[in-house]
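One structure is given below, represented as structure tokens, and several questions about it will come after.
Read from first to last, the chains carry the letters A, B, C, D, E and F; within each, the first residue is number 1.
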Amino acid sequence: MKLVIGIVRPEKANEVLEALYRAEVRGLSISRVQGHGGELERVETYRGTTVRMGLSEKVRFEIAVSDEFVDRTVDALREGGRTGEVGDGKIMVLPLEHVVRIRTGETDHGAVTPVGP
Amino acid sequence: MKLVIGIVRPEKANEVLEALYRAEVRGLSISRVQGHGGELERVETYRGTTVRMGLSEKVRFEIAVSDEFVDRTVDALREGGRTGEVGDGKIMVLPLEHVVRIRTGETDHGAVTPVGP
Amino acid sequence: MKLVIGIVRPEKANEVLEALYRAEVRGLSISRVQGHGGELERVETYRGTTVRMGLSEKVRFEIAVSDEFVDRTVDALREGGRTGEVGDGKIMVLPLEHVVRIRTGETDHGAVTPVGP
Amino acid sequence: MNALTTIAAIPGVDSGDTAWVLAATAMVMFMTIGLGVFYSGLVRAKNALNTFMMCVAALAVVTISWALVGYSLAFGDGGGFVGNFDHAFLNGVGFEPVEGQTIPHIVFFAFQGTFCILTAALVSGAVVERMRFLPYLIFIAIWSVAIYPVMAHWVFGGGFLAEGGTLDFAGGVPVEMGSGFTALAAALVVGARKDYGRQALLPHNTVYILLGAGILWFGWFGFNGGSGLGINEAGMLAFVNTLLTPACCLATWFLLDYVRGRKITAVGAGTAIIVGCVGITPAGAFISPAWAMALGVLVTFPCYAVIVWRPRTRVDETLDVLAAHGIAGLTGILLIGLFAQADWNAVADGLLYGDAALLGDQALAALVAPVYAFGATFVILTAMKTVGAVRGSERDEAVGLDVTDHGEEAYVTGEGAILIASAEPPSERVPAPTPGS
Amino acid sequence: MNALTTIAAIPGVDSGDTAWVLAATAMVMFMTIGLGVFYSGLVRAKNALNTFMMCVAALAVVTISWALVGYSLAFGDGGGFVGNFDHAFLNGVGFEPVEGQTIPHIVFFAFQGTFCILTAALVSGAVVERMRFLPYLIFIAIWSVAIYPVMAHWVFGGGFLAEGGTLDFAGGVPVEMGSGFTALAAALVVGARKDYGRQALLPHNTVYILLGAGILWFGWFGFNGGSGLGINEAGMLAFVNTLLTPACCLATWFLLDYVRGRKITAVGAGTAIIVGCVGITPAGAFISPAWAMALGVLVTFPCYAVIVWRPRTRVDETLDVLAAHGIAGLTGILLIGLFAQADWNAVADGLLYGDAALLGDQALAALVAPVYAFGATFVILTAMKTVGAVRGSERDEAVGLDVTDHGEEAYVTGEGAILIASAEPPSERVPAPTPGS
Amino acid sequence: MNALTTIAAIPGVDSGDTAWVLAATAMVMFMTIGLGVFYSGLVRAKNALNTFMMCVAALAVVTISWALVGYSLAFGDGGGFVGNFDHAFLNGVGFEPVEGQTIPHIVFFAFQGTFCILTAALVSGAVVERMRFLPYLIFIAIWSVAIYPVMAHWVFGGGFLAEGGTLDFAGGVPVEMGSGFTALAAALVVGARKDYGRQALLPHNTVYILLGAGILWFGWFGFNGGSGLGINEAGMLAFVNTLLTPACCLATWFLLDYVRGRKITAVGAGTAIIVGCVGITPAGAFISPAWAMALGVLVTFPCYAVIVWRPRTRVDETLDVLAAHGIAGLTGILLIGLFAQADWNAVADGLLYGDAALLGDQALAALVAPVYAFGATFVILTAMKTVGAVRGSERDEAVGLDVTDHGEEAYVTGEGAILIASAEPPSERVPAPTPGS
């Protein structure tokens, strides 16, 4: 199994979600992060204080999948998240040794929804 | 060493924490995430706009442990997080190559609290 | 490639960022987490309710780097994040199988900014 | 304004008196909103809306019940226990002032109505985070007819306490003891939240708490200061005391907080503002500014004690309405019996000024008010419980009442929200399946 | 105060009347702030500031345009269509009351000014989250001279509607229909947000919505109650009805919400408060309290219907100003024609009291007001569009207007913020490179 | 109200005048809450409560010191420098109006008290995020006796400035210059925050900033408009100017912001509202509406300049009280010397109307006020520093004063919070060990 982490633009999050649903990836967790990459930095001013904002809002997807699902998951993240402008984000694939479903205690393949064949 | 990631219900977070303390797992980090899985989706209405909310609030635990601690950590997450209803969440175990304690520079076993034997 | 995760004090986050910029680590994502470790716990009181707060605010760095960058990334996190007091945090290094740049579809080394040699 | 309307003065109406009572009425109405902010800051984020809505609901339900019968039951003549139906459906409530007043009758009706609204909203503090919204609506509808008007009649409408000589300027009996002991009964009947006593259930936004308390204090100047129904000694004294008493209560609370835990808490400060305002509510027009300051100090102790002690009990009277209103109001009512000073109020002296009788009258009020508020509420809610569920399931509580009862969240990011009904039907995109269900 | 200033009373001025109008003026000014809270809660976090700023901007721009010419155009004598320039630049606006009034002229000027400010701010609800801030400033500057004063003149300044006998107490024509139909035109000309209809664009803070609505209701007591310009039957009646109508509207909204989705929503409650206050705005001084309650019930249905229906159209009239103000105001104007009661208003009877003529006068207003507001706005904004862009790029919308137009964020954590200009030049540390650019 | 209380009018009291001053008093008290919201939005989340509490504390401490001696020192007769103790402990403060006034003495006492409270709270802006709460309490207690009453006596209590002919309507000297230059001294003595100038320390909630500024503006109508102590030319003029000046200041600030960075900031708008209100505070009753608008434009420049320049210095006068109050008040005081117009104020003409003398009197005030406020504060705080620490440790600052001084957090989620004292002792579950300690 693998853990797929995808970092995308907030305004693309819903499209990514739908792409993942279509790819029948059913289980996932997301969270708000702030990222730095090639994006232009913003300048903001608060009274006399002027700052360079080096980080921009992103949404982080964390998806545990069985091996057969890795590619379609990555593809879904790419389709859904792409705008073509700098700042679209990254996808990372990490090895995953075990997964446990807390409710049932099922492990590994049994635990990743949907269960692989 | 392993990195154990556990995703549980917010209302169970404190019970998981106590289970982990009892298991003498002393170091951990948590964060708020939103998850999608088998839970029923909520319908919410804001004036004329009706939406299906596909995500529900969860709490994510991130725990670096030395190998001997993996099982009891997973067990603590299971006990503490379980309600038996769909939506209890998942536990993932990832391989971890190095850990460094920023304060002292100690690495690996020395860095994971509590130090393994 | 590796995924470097660093957990540091919020008040140190900007120094870590600058250390990383200096080390020419250009791509990263951060998020707010709460951590438990060796720090003293706080006692807080809300009307008649007195609680022990076992968690303290931290900032979590997540950085995908090509192998040659691992050490300088870890060093940057250590320099920037260190105060010498309990609670400085941890650095974790995980194996990373693939990285994809959503915008271009470039993978692996090509995707981790800056590109390794 | 429209040129066609007349601007002639109204016979028997003093424009200055009325100007102040109008401002006061708006301020008291605003208190119910301030209470919503205060209460919603005190609960967890997943119940922030439900809690605020319980205050908004009082503005809807109680205003109507007040217009239909509440006002008449409180201020219609009639026995010593309750008024009559002469003014039901606003019958005979017009521009002409009530005998002995200098403001339009209709304004008096509105001013008093805002008191009943606020009191009903106060009660919600006892049952937030678990009571369903619909039963709550039914409860305050009944309560605002069966309980508040009766207690208001006792002291404001020529009822037996007023006749007997009990002094209650701005509502120690119906508003403060009324809400406080109703809250206790409600908490007992509805029962504790599922995690009460096992987990820490903490306020989600303390800035709201201070802002809400501030709005309440602001409004209380109209509440107490307007209760003189114009520019007269009683009103002026009550107005100024509404500045002095809460200040002294705050200072004392700071001290107790510091002694207790070396920390002066903001939630405590918000609470102290309320306690101080409540303490002076019945006494405002009857005691000198100096005694008002003393009252601010004295009222703090019993309320502080109850606030610290209550969470150690099994009684989940969640937002401590009993302590902040019931006990504070009761203390205020009793202290009138000691501090009242005819030089200032032209009405009666208290024990310290040589008249022991008053203390007895006050003690009577301090006895009957809690009994009636507690008893009647206990009966009403117990009856409702036998008919149907008044609280949500454990699961509802876990999810939070904002979602279960209002279908909303207080703080939404929008991720994962899929439009169901929209301009272009989302058909073009495959609707998300709801897996596992 | 400074001992040197005189405290002599002003001839022809009634201190009580003026005291109330002063309070009312401050309260109406405060409504614009409340509206900012209400609106900014209704948008996404990334536009919270821009939305609030559109209300603050009205306080800046419209106050000035009102002082320069707006007031004179509205209240200077002149034809039936618009006033004149006699009072331009505050000329002749002093302490002496206007003929037939009992408050200083200068206070009347300020009181009416706060109405124009609020109305301009209301309009912003139609174009938030996409219209650039600068074009918006220009638009409300023009609008506050070309549209509001004209419509105000019709009903308040002795214009043709007032002459014709149309009744509009506190601004159903200029404020409510004026803002509502301006909003519709603005939404059409500016166009929908890029993701409108495709994605769910949800309110980011519902507590703000309830607090904002509460501040608005509080202020509305001054808005309606002060429109009698003193303590008189018209003002008193309007004041009390401002409590009764919104309460009934709230209750009805609760019912419709419950019937529709088994959930009583907080956003709905906030909306209902506005709708109720708007509904009674034109009618306040003309109908009995009982009819005011009925009006509260009746006005709910059309507004609720439009609120539910509008998002299914392609018209992104974002915050539903049309429904909450235009439709509610129009309904209120028409219902005067039915419910007006000479016993209460000493002016005219409505259809139900035997006079059919009034309904005609009201219908006329309900016809010309929307036409003028919509038409004139359409022309102005279309003209502006031909000159330059009135809205941001798709990218701006994605980033959010707080950053693009104000260079700020509503909620900042500070991580990743590097000081550019500071006490010790950051030279000591290597400035962060901006890679990839 | 209680039937037993008398509603007889008070001899010598005008009900209309008093009605307005009562509303004004409540509004000024509410300003201190608004300031708390404004200030807490301007700091980082970890200090939001501590900052708000510094305003709440002023309501507690200063009200008491004002009642005990402050009022008497300010308004008791006596030398040109300070009053006396005749009214200490509220001695002789009753219902009978002060010579030449038409409101009850006790109301005058309360109205003036709210000014002292607000001023003390303003000062906190200079030392937030680092000064400990206890030393702060001690400081404002001393300050509210040793500094404010003295400066208030100079201009309001018949002190040497009033005698000399200096015009200050609503407190340019004691409130604005008093707070501004006290703030400067406090910032210098307490010292900068540890990360000041090295890291970006940003406002955590800009919506609070706009709401707070809005509440302040609302209250300022009572602050300036009420300073006429009734319905008279001075008060009416000041009231209306309180609408005009801030509007012009806002517009000018928009312009400067735009010129500076092509962005019109919301924090700037909130600041501009304050600056405009401060600028008109001393001048309100003395200059024509037209000049008030000009003043709104002119006062913006020096304040804007100081706000932009100050953070480049080593002086961490954190929330820019000096710029927003000290400089704005000073500018207002001086401009009276130019714009004052006897036609409007019936008191004196300024330079532009042919009387150069006044400018001298104003310049004197602009000289002595800063010197006294700065000097006395410097002495008091330096003395306090020698006795004990006035600020927290570096670690406290890093953690945030909400936790270290109040044992609370503004925004709590509840994760990781273990009940210590609870209904069922948590014995049933193993208490969490505190490892490593």
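Operating definition for what follows: a contact is a pair of C-beta atoms (placed from the backbone, for glycine too) under 8 Å apart; a residue touches a chain by one contact, two chains touch by 3 or more.
Computed from a prediction, not measured in an experiment: that's the story for all the values here.
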| item | value |
| --- | --- |
| Partner chains that chain A and chain C have in common | B, D, E, F |
| Of B-F and B-C, pair with higher C-beta contact tally | B-C |
| Chain pair equivalent in interface to C-D, over half of contacts matched, among A-E, B-F or A-F | A-F |
| CA centroid of chain C to CA centroid of chain F, Å | 43 |
| Chain B and chain E, separation of their C-alpha mean positions in angstrom | 49 |
| Where chain E and chain F are represented by their mean Cα positions, the distance between them in whole Å | 31 |
| Numbers and ranges of chain C residues touching at least 2 other chains | 14, 17, 26, 30-32, 34, 36-38, 43, 45-46, 48-51, 54-55, 85-86, 94-95, 113 |
| Residues within chain F bordering two or more other chains | 14-17, 19-20, 23, 27, 199-203, 205, 261, 263, 265, 267, 311-312, 407-409, 412-419, 421-422, 432, 435-436 |
| Overall pattern in which the protein chains touch one another (line/ring/star/complete/other) | complete |
| Footprint of chain E on chain C - complex, ascending | 10, 13-14, 17-18, 21-22, 26, 30, 32, 59, 113-114 |
| Residue ranges of chain E in contact with chain A within the complex | 195, 199-200, 395, 398, 403, 407-409, 412, 415-422, 432, 434-437 |
| In the complex with chain D, residue positions of chain E that touch it | 14-17, 19-20, 23, 27, 44-45, 100-102, 155-156, 158, 162, 165, 167-170, 192, 196-207, 210-211, 214-215, 217-218, 221-222, 225, 227-237, 239-240, 243-244, 246-248, 250-251, 254, 258, 261, 263-267, 269, 273, 285, 289-290, 293, 311-314, 345-348 |
| Chain B-touching residues of chain C, taken from the complex the two chains share | 2, 5-8, 31-38, 54-55, 58, 60, 74, 77-78, 81-95 |
| Chain F to chain A touching residues, read off their complex | 200-203, 260-261, 263, 265, 267-268, 271, 307-312, 320 |
